[in-house]
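The structures come next, written out as structure tokens.
Here chain A shows up in two complexes: once beside chain B, once beside chain C.
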Partner chain A sequence: MIDLSLLPSGIIFGLSLGGIFFLTTVGLSLCFGLMRVISLDQMLYYALGGYMTYTISVLTGNLWFGLVVGVVVGAVAGLAVERVVFLRIYARDITFSMITSFGVLIGGVGVIKYFWGLVPRPVTEPITVQVNLLGTYIPVYRLIIIAIALGVYGGIWLFLNRTIVGKAIRAGIENVEHVEGLGINVYRLFSITFMIAGGLSALAGGLNAPLIMVDPQMGLEVMAFAFMIVIIGGLGSIKGTLVSSFLVGQVVSLGSLFYAPLAQMAPFAIMVLILLLKPTGLYGSPLLKR
Partner chain B sequence: MNALRWWWGLVLAFALLVVMRVFLPLPFANEVVIFSIYTIGCNFLLGRVGFISFGQPAYLAVGAYAAGFYFTYFGANPYIGIVIGIVVGFIVALIVGPFFVRLRSDYFALVNLALAVIIYFLMQKVLAPITNGDNGLWYLTNLEPTPVLDLTHPSQFFIFALLVGFATWAFYKYLDDSIYGACCLGAKINEDKLTFLGYDNFRIRLTAFVIANTTTALAGALYAVYLGFVSPEITSPTRAVDPVVVTILGGVGTLYGPIVGAIAYTGMKDVLSQILVNWELMIGFLLVFIMLAGEKGIWGTLEPRLKKLFFRKAASETAGGSKARTA
Partner chain C sequence: MDGRAETIRADKVTKRFGGLTAVDQVSYVLHENEVAGIIGSNGAGKTTFFNLLTGYYLPDEGTISYCGEDVTRMTPQQRVARGMMRTFQLTSTFDNLSVVDNLGLAYFRAHKKSGLMQLLFNTRKSQRNEPKIVQTMDTFDLQDVRDREVKNLSLGEKRRLEIAMAILVDPKVLLLDEPLAGLAESEIQSILGVLRKHVGHQTILIVEHKLSHVQDFLQRLTVMHEGRIIADGTAEEALRHPEVRRSYWQIDVTAESAGVATP
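Entry: the complex of A and B
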């Protein structure tokens, strides 16, 4: 029933998909961990990253340059939204941030439609070379995506564990009041976290752009998967996000080998199963809103 | 006298809807009534129980598709279709409810939206052989005229929708006044104290969840009869915010908020979509603006002022009465 020769490429496809998912959702998870907000506007930076990559790669012919511009734009947009919108709602209830950021997301989709129109745009793949791996040909670009995702995870780990700002952020996730008591400006930490989150989401959008077509709804399309991933992994846990991203990536990829519609349904089934066993997700902490 | 006071707000609200029907086009009036029934479930969950549900379109689609399947494959009587929509919505809410209401409010919101997206894919792709995928089910000509109130006729459908809406509002007003309504509010504000008083938190939430989502399924069934077709579009992720926007626009937790919100929202959609092509931009910034400016919404801001205007003399008495009720 299943063609075994497709399996290696299916696994690589799933891993690269997981990498994209991880980059998209790690921002959501970081923001929740530190600031206790659900920042759905990360999906906007994802779409923005895709569009910046498209625009710059059309103008200059170089996708990597577009990727860098996308990351910068995503980070700046994240900072702007944090300064204007989130600064006013940190003290409010958690669902409040969810509604507001959804407003930002929908409004941002409108902005994208205004500038780039409704038509999906194709982005040319920068590397079309394929390597022979266990008898099947694998596009190198997908391997690069996996490497970048793992590199970003390593970078975040180093940042949180080895730098003073990262340590302050980690301490803030445990207890914001104590960090404030040490004389650290937590609002600056919040801004830095938001910039990192926005930049990473934009990176995910830019990397994914050549694999799918960029269209205004791309942020909303990935949103359902992002939700499932943060729920499975547990909100606020970076490690949980990594594990569940690759898990969902594999489920989508291998599931579609068996039966195509399964790709959309199976992650949901897994999510329900995990919530039944552990309502806070795999690595989620039981702590509530401060 | 007391009974009169209980009813007069409801009667007045629906009398105003009838007046609106005279001055404004019929499709608009129909849309407003169905939309406000659609929203009151979300309003109840958010305002009374403290659950924010981005997944209302899921239950709307359940009601609409249940009615749609009946019309396409089994029968033609609109009334039976609506009843089937309600029953199926009730069953689905009863099945998913126990899993969902145990969750924290943030997870609840995420899981519900995920459910809406899943039902979208289910109807669009997985069940495509019986749902016709994106094209949807079309059965407008199948519907058979009914003797007393002919639901296939838009103007008579409006009367029926108005009656259903009135019944729904009376029911929710009754709920708000009952001990159960107070328990819901308790579950929102402090569940520990509620447990201490001997109430079962889980059962209160589950009941609220089932009631709200059965109402939403009813709205779905009404849509199915009124529009004469069902397509996956009603549960698409871009429309997931509609009920939340209307709830907040009208005023969270207020009884007449959904009606006011539905009128404002549908009106804006009709008027602005002719001027502005970019609807998302509008609704996004409106949402952010309402959330930042004042979360009370239109009716939440208006209500105290209207009360002051009309009951200036009886102000002290009503203030005392309402305080006694909320205490």
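Entry: the complex of A and C
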């Protein structure tokens, strides 16, 4: 039977995992919402963020600096792929973007293998302090991840609801042609969105690096979860992505407390259940065709 | 026509869809500050012609120029940047944004000289107090619903908002695609009332299905039929034209009120 004393740490672990999930998938969700593309290359920026954090923290001994560099590299890589690849395929069917970006991801993984090799690399945790929470010791680093994820959610919310560019993006999620009709350059909005998405995916990979070991496959490993989260939350909904990220994080974390194999299987069961009850996901509007 | 500067000129423009010639060798000139209308029955080609002017279709033949510049191959967005602003038959407002945010989008695009920082850190409050936006909300009677999400507005309010957005972009030419369709009489009057305030200092081109609504409002009327312009002049002149009289019963059932015999 489950040891109740493990519950608080299980919940915190679930929340921090959820935070990582949120940062990885929010870009996917935004890109789908605005551009109607499935940007699997986000998983590449996640891995890139992890590796940049690894390299910089080995070189300078400072993980936070590595995170910042990772975010910049992720944003620039996202922009470059958008300009070179997505710009040519916006008009095509959505499955086309999925296959193409999967190709980018696989190619990128190859590049990572070329530079960093196949061996997983450990990243030192920057903060090893633990705090006592209800009798169990919780690593502060996990709490920081949760705080960063919530902070990013708040930042995105402010960006989308309080700035003109953000409002233009929300308007574009509704109808891109009409935004164009106002004379707004939607391709600039697309670029901005891809940069934000790439940067956040890299942030997720960097934050996760000390908790896992960075390895070339790390992006592919998180992909199934990312898909699931976007679908559970509802395509294109930021709030839905946040809620479902934390939900899946908890299911994985608490599920493994009950019965270890559950951790891998339970999220899929949840997804099936939610799709049966609400086919558009928790916060999704009916899938609009552009 | 009367020495006023040209804004839009279409020169022998043709558009075909498969075997159907929707717009057939149409030439048309719109002058500055003119309030003009194009009417025609369904399938007369007026909306296709409108889409050609605004860049949503590419003509198969002919050229379109704007203030002397050839814009035939320009995107809608480039045309908006030059001062051609259109509305859509189905309203193109944004459902999930509030009225004031919709207006903000239109306004800040038109004043894009504002720096990046201003775009990013423009507060809700400063937008709401932007004199131009406040003034437009007054003119279009949208003050009461300013914070409401557009999906909760009536069709008449949405149309008013859409025209308000178009005017906020500060266009040289305002192109309205059936702005009155589906509206109740009182809403039609309120929209025409607002538009009248712009007569004389704004070039307006309206495409309408029903003539009765806009007849008094228009200075110039063009009638399209089967892809061609069959009459062009003042409303009375256009309606007296023999070809119009022959096909007019298809255009408007209220033709008798215009003093035209229906066959």
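Here is the rule we go by: the second predicted complex is superposed on the first by the 289 of 290 C-alpha atoms of A that agree within 3 Å, B and C clash if a C-alpha of one lies under 4 Å from a C-alpha of the other, contacts with A are read in each partner's own complex, and residues count from 1 in each chain.
FYI, a contact is a pair of C-beta atoms (placed from the backbone, for glycine too) under 8 Å apart; a residue touches a chain by one contact, two chains touch by 3 or more.
The model shown is predicted, which means the values in this text are computed figures rather than measured ones.
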{"item": "Superposition on chain A - do chain B and chain C clash or fit", "value": "fit"}
{"item": "Chain B versus chain C as contact partner of A:214, first or second or both or neither", "value": "neither"}
{"item": "Residue contacts on chain A - larger count, chain B or chain C", "value": "B"}
{"item": "Superposition-derived angle with apex at the Cα centre of chain A and sides reaching chain B and chain C, degrees in steps of 10", "value": "90"}
{"item": "Touching partner for A:114 - first (chain B), second (chain C), both, neither", "value": "first"}
{"item": "Partner chain(s) touched by A:94 [first = chain B, second = chain C, both, neither]", "value": "first"}
{"item": "Touched partner set for A:183, first chain B, second chain C, both or neither", "value": "second"}
{"item": "Partner chain in contact with A:156 - chain B first, chain C second, else both or neither", "value": "neither"}
{"item": "Chain B versus chain C as contact partner of A:171, first or second or both or neither", "value": "second"}
{"item": "Chain B versus chain C as contact partner of A:252, first or second or both or neither", "value": "neither"}
{"item": "First, second, both or neither for A:138, with chain B first and chain C second", "value": "neither"}
{"item": "Distance of closest approach, chain C and chain B, by C-alpha atoms in Å", "value": "17"}
{"item": "Set of chain A residues, in rising order, touched by both chain B and chain C", "value": "none"}
{"item": "Sites on chain B touched by chain A in the complex", "value": "52, 54, 99, 102-107, 109-111, 113-115, 117-118, 121-122, 125-126, 237-238, 241, 244, 248, 278-288, 291-292, 295"}
{"item": "Chain C to chain A touching residues, read off their complex", "value": "75-77, 80-81, 85-86, 88, 92-97, 101-102, 104-106, 108-110, 119-124, 127, 165, 169"}
{"item": "List of chain A residues in touch with chain B within their complex", "value": "32, 38, 85, 88-89, 94-96, 98-100, 102-111, 113-114, 217, 220-221, 223-224, 227-228, 230-231, 235, 260-261, 264-265, 268, 271-272, 275-276, 279-280, 288"}
{"item": "Sites on chain A touched by chain C in the complex", "value": "162-165, 167-168, 170-171, 173-175, 177-186"}
